[in-house]
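First comes the structure, then the notes that go with it.
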Amino acid sequence: MGQPQPGKQTPLVTRQPGQPDTLVEVGPVTFGGSRVVLIGGPCAVESQSQMCAAAEVVAAAGGTLLRGGAWKPRTNPYDFQGLGREGLAHLAAARRATGLPFVTEVLDPRDVEVVAQVADMLQIGSRSVQNFPLLREAGASGKPVLLKRGMMTTVDEWLSAAEYVLAAGNENVVFCERGIRTFEPALRNTLDVGSVAVLKEKTHLPVIVDPSHAAGDVRYVTALARAAVAAGADGLLVETHCDPEAALSDAAQSLTPDQFKELAASCGAVARAIGRDL
Amino acid sequence: MGQPQPGKQTPLVTRQPGQPDTLVEVGPVTFGGSRVVLIGGPCAVESQSQMCAAAEVVAAAGGTLLRGGAWKPRTNPYDFQGLGREGLAHLAAARRATGLPFVTEVLDPRDVEVVAQVADMLQIGSRSVQNFPLLREAGASGKPVLLKRGMMTTVDEWLSAAEYVLAAGNENVVFCERGIRTFEPALRNTLDVGSVAVLKEKTHLPVIVDPSHAAGDVRYVTALARAAVAAGADGLLVETHCDPEAALSDAAQSLTPDQFKELAASCGAVARAIGRDL
Amino acid sequence: MGQPQPGKQTPLVTRQPGQPDTLVEVGPVTFGGSRVVLIGGPCAVESQSQMCAAAEVVAAAGGTLLRGGAWKPRTNPYDFQGLGREGLAHLAAARRATGLPFVTEVLDPRDVEVVAQVADMLQIGSRSVQNFPLLREAGASGKPVLLKRGMMTTVDEWLSAAEYVLAAGNENVVFCERGIRTFEPALRNTLDVGSVAVLKEKTHLPVIVDPSHAAGDVRYVTALARAAVAAGADGLLVETHCDPEAALSDAAQSLTPDQFKELAASCGAVARAIGRDL
Amino acid sequence: MGQPQPGKQTPLVTRQPGQPDTLVEVGPVTFGGSRVVLIGGPCAVESQSQMCAAAEVVAAAGGTLLRGGAWKPRTNPYDFQGLGREGLAHLAAARRATGLPFVTEVLDPRDVEVVAQVADMLQIGSRSVQNFPLLREAGASGKPVLLKRGMMTTVDEWLSAAEYVLAAGNENVVFCERGIRTFEPALRNTLDVGSVAVLKEKTHLPVIVDPSHAAGDVRYVTALARAAVAAGADGLLVETHCDPEAALSDAAQSLTPDQFKELAASCGAVARAIGRDL
């Protein structure tokens, strides 16, 4: 199993000479245009009221897409694994209440059909970036796919993973950098902000950044989000929770509603400084 | 999603005070006893004659278990993906011819049942170590599981992955160290031989080593295999092919039959030096 | 030799509760204030005319400090090792011509005195960040010190390295993030933009970023520079050469004069978006 | 500063076609022959009685070379930095008492002359592997040099560092693998046992292993030492202290005299299994 040589090996994902950016549309939201897309919401879906409240916070801050995990990939088998189908229903309720489309993770190829019937966008999580059966099913579903980078996935392997989705007939892929695993323990992961610049050159597809999982700590999320926008990211995926201390997972990295609003304002200013908007 | 704290978080996998080694049996083969188990065979199953020839090489050198991939996890969607069910049949034919049981990788939770009906042991590959639906299905199958370490997996995350299998009622798990991803490009991966010693203390389950994927280069496979045995590994998983240059994958790291025999002899001497056998 | 526990172990470097940012002054230039400092110049000093031309480019673009290596730390003993004292004279000539102070690397504790007599600021390079005799001499010199991060130095080790300088009576230390070594080969190093945010909280001293060594490729330098400013960096250290293709080292990452001007303009816009200037 | 291409770039260090192993002699001890060299002693020299007692333990177990640090490279400026010249005198006393030659670290190019007058072999430590002025001085001293790998050094960079010593006219270099920095926190460093096999092919110079710093934990030192011998290492550098709990540094990884004897016996058996001795 030799090293991939993308370009030749990823003909659908690689930007051909002169090829313009591909726009990926999720309902009324466009990834890859001049506007930086802000996605917000909790790590895990916990209840309908929680999701509806979070959705209102996201919308009020200028966010246009909602996130929330119905199935959670947990390192440990005894941790909370998500509400499953019930979580999907809560996400749909929040969509009805606010008009925001939503993205949610799918872990198991057998769940793709069920999730695709309800969700506006499928998330393939970090641990699944080389889950090839899952990538094929996500491709076959035709739904837009948010493809997170693995903690130790090279840019070339990541491009090859996306090629699985496109080879199944689905060109609606958005890459999401979320930090890589390195020797440095100061933050949860090391945000590889350079990968945004590299991907924008290597592929025609949009690239966004998840500063919450990279930082793992509320104090650093906004600085990483600003850096991502300055480096050319087409969007941000940010965890926010109306009551972070009560969150069932990722409490330490979830912004309060006020912090989320400040992040949106601060990143909007950076976006405008480089000729974009948020 | 906090860091796992194995011991408390992996009650079934963690060695309790005074708990002896667990023996995992695969047909007539025992992992975890005084004899170091030698597993051999090609990376990918290509044909019945190839598998039968390889099986004879393995048996002649003292190997007691056969390996071969029917489904191959490939970084690139356009590379050879394995023969699937036909590959299983070739493995079964080689087993009939030599009496050697076989281990083969399963990638998709939907394939576990089919593979478990034929194979003697299920391999969960590096890219699947945190594929939780797959781990649960492998656990439910009741078949012995060979759990490879991911390129990016810490020892603690690896223990937690095994806990998914045991929590599903299946205690027959064998860990397989196969090199981790580091900054060093000299070899394909960096064999973390220390993880063998750490696992032998942290868990009661057997631990083996795959020197072929760690090295990625025939010249270094035997040195790594000897180091693994010296560090306390309960077995070796080694790629061998009767005609490496014609192999459909992993040609550079597949030993010829003669090299495989030399490896077996050399590792046998090291095993005896530390009071074991091979 | 246990792990450092900065805070207690680095009493001079750690920001005490309520302690304001320390300003480090190098001639008329102030690090740590509202203005982001732009440092420019070639990797290696090659001639007096080269340095004078580079200095004019830097000044014209709004840069306020000049860089250039007189002693070069080279991985290979047969590569160009720098002009030594002659290089210092060229840097001084460029300073006279433009009024820009300069920073240059010192590699050997025996050279600190000579360099400190001429240079405005001493650079401790990545490979020297744990060269303790050199850190002590740099501290004793009383000159401002630009302390680059090592390719595999944790933030805590870096803080401890700075403590050596401060413990020698010299509080004028500026940290410089320049990318760390990871598994990802797409760029020369992985810019750890999060370390800027972490350091701004852990220490009262200024923090700048070198996007040139992180990227190793002209195409990505400006994106990384903008990300650094957005994350809160107090300055940028950028390689520029009037004729990059003729450069004796680091040709691939040296900006042309026009590219340098564009970087300055682009980073200035980002700086103003977050309430600073450049 | 491009990537080194050893072979062409390291003509003195690279093994030429057919070139036999170079033997490096330190008094009566030979590195690179059939006998695996066992070096023992404490991390830091603390007193004359401590060194003499340690030397007797080393000699009794079959060790033939003594180690002990007179100058200690410490991450933190306030930690014990070694006894300096007084430490050298204690090492010399232990040599007189037992006949064992000794190796000790030199950190500062200004100390090379003093150390070379007394020591039998100079150690260049991990943090100094790319301290080029120090490498040149060690080369000029003519003394045998033990060159440790840096925590972040690739094999190719390590070969280039040795080339500095040989280029200064000194061919007596012994490489020492001591673990590299990776994402895995289970042990202090990750022993890269594959680097032993790679170096034995790439260079004609001897290669030894320091399992103590790699493990950082007494429980794993012997397993790593055995793995190193099995992989082809020409020697072992092991920390032992007559009273580990009272050691001024590295207490957790120092073997007791009994543990050191067991390590020697166990590694001797492995050495004989591969046709060597210890």
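So that you can tell them apart, the chains are marked A, B, C and D in the order they are listed, and the count of residues begins at 1 in each.
The working rule: a residue touches a chain if its C-beta (ideal position, glycine included) is under 8 Å from a C-beta of that chain, and two chains touch if they have at least 3 such contacts.
Treat the numbers as computed from the prediction; the structure is a model and nothing was measured.
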Neighbours of chain B that also touch chain A are C, D
Starting from the Cα centroid of chain C, hunt down the chain whose centroid lies farthest away. B
Chain centres from averaged Cα atoms put chain A and chain C apart, in whole Å, by 34
Let me have the rounded angstrom distance from the C-alpha centre of chain A over to the C-alpha centre of chain D, please. 48
Shared-interface residues of chain A (touching two or more other chains) are 152, 181-183, 185
Chain B-touching residues of chain A, taken from the complex the two chains share: 1, 3-4, 9-10, 43, 72-79, 107-110, 127-128, 130-133, 150-152, 157, 160-161, 163-164, 167, 181, 249-250
Across the complex, what residues on chain D touch chain A? 181-183, 185
Flag every residue of chain C that touches chain A in the complex, lowest number first. 152, 154-156, 180, 182-187, 190-198, 201, 214-215, 219-220, 223-224, 226-232, 266, 269-270, 272-274
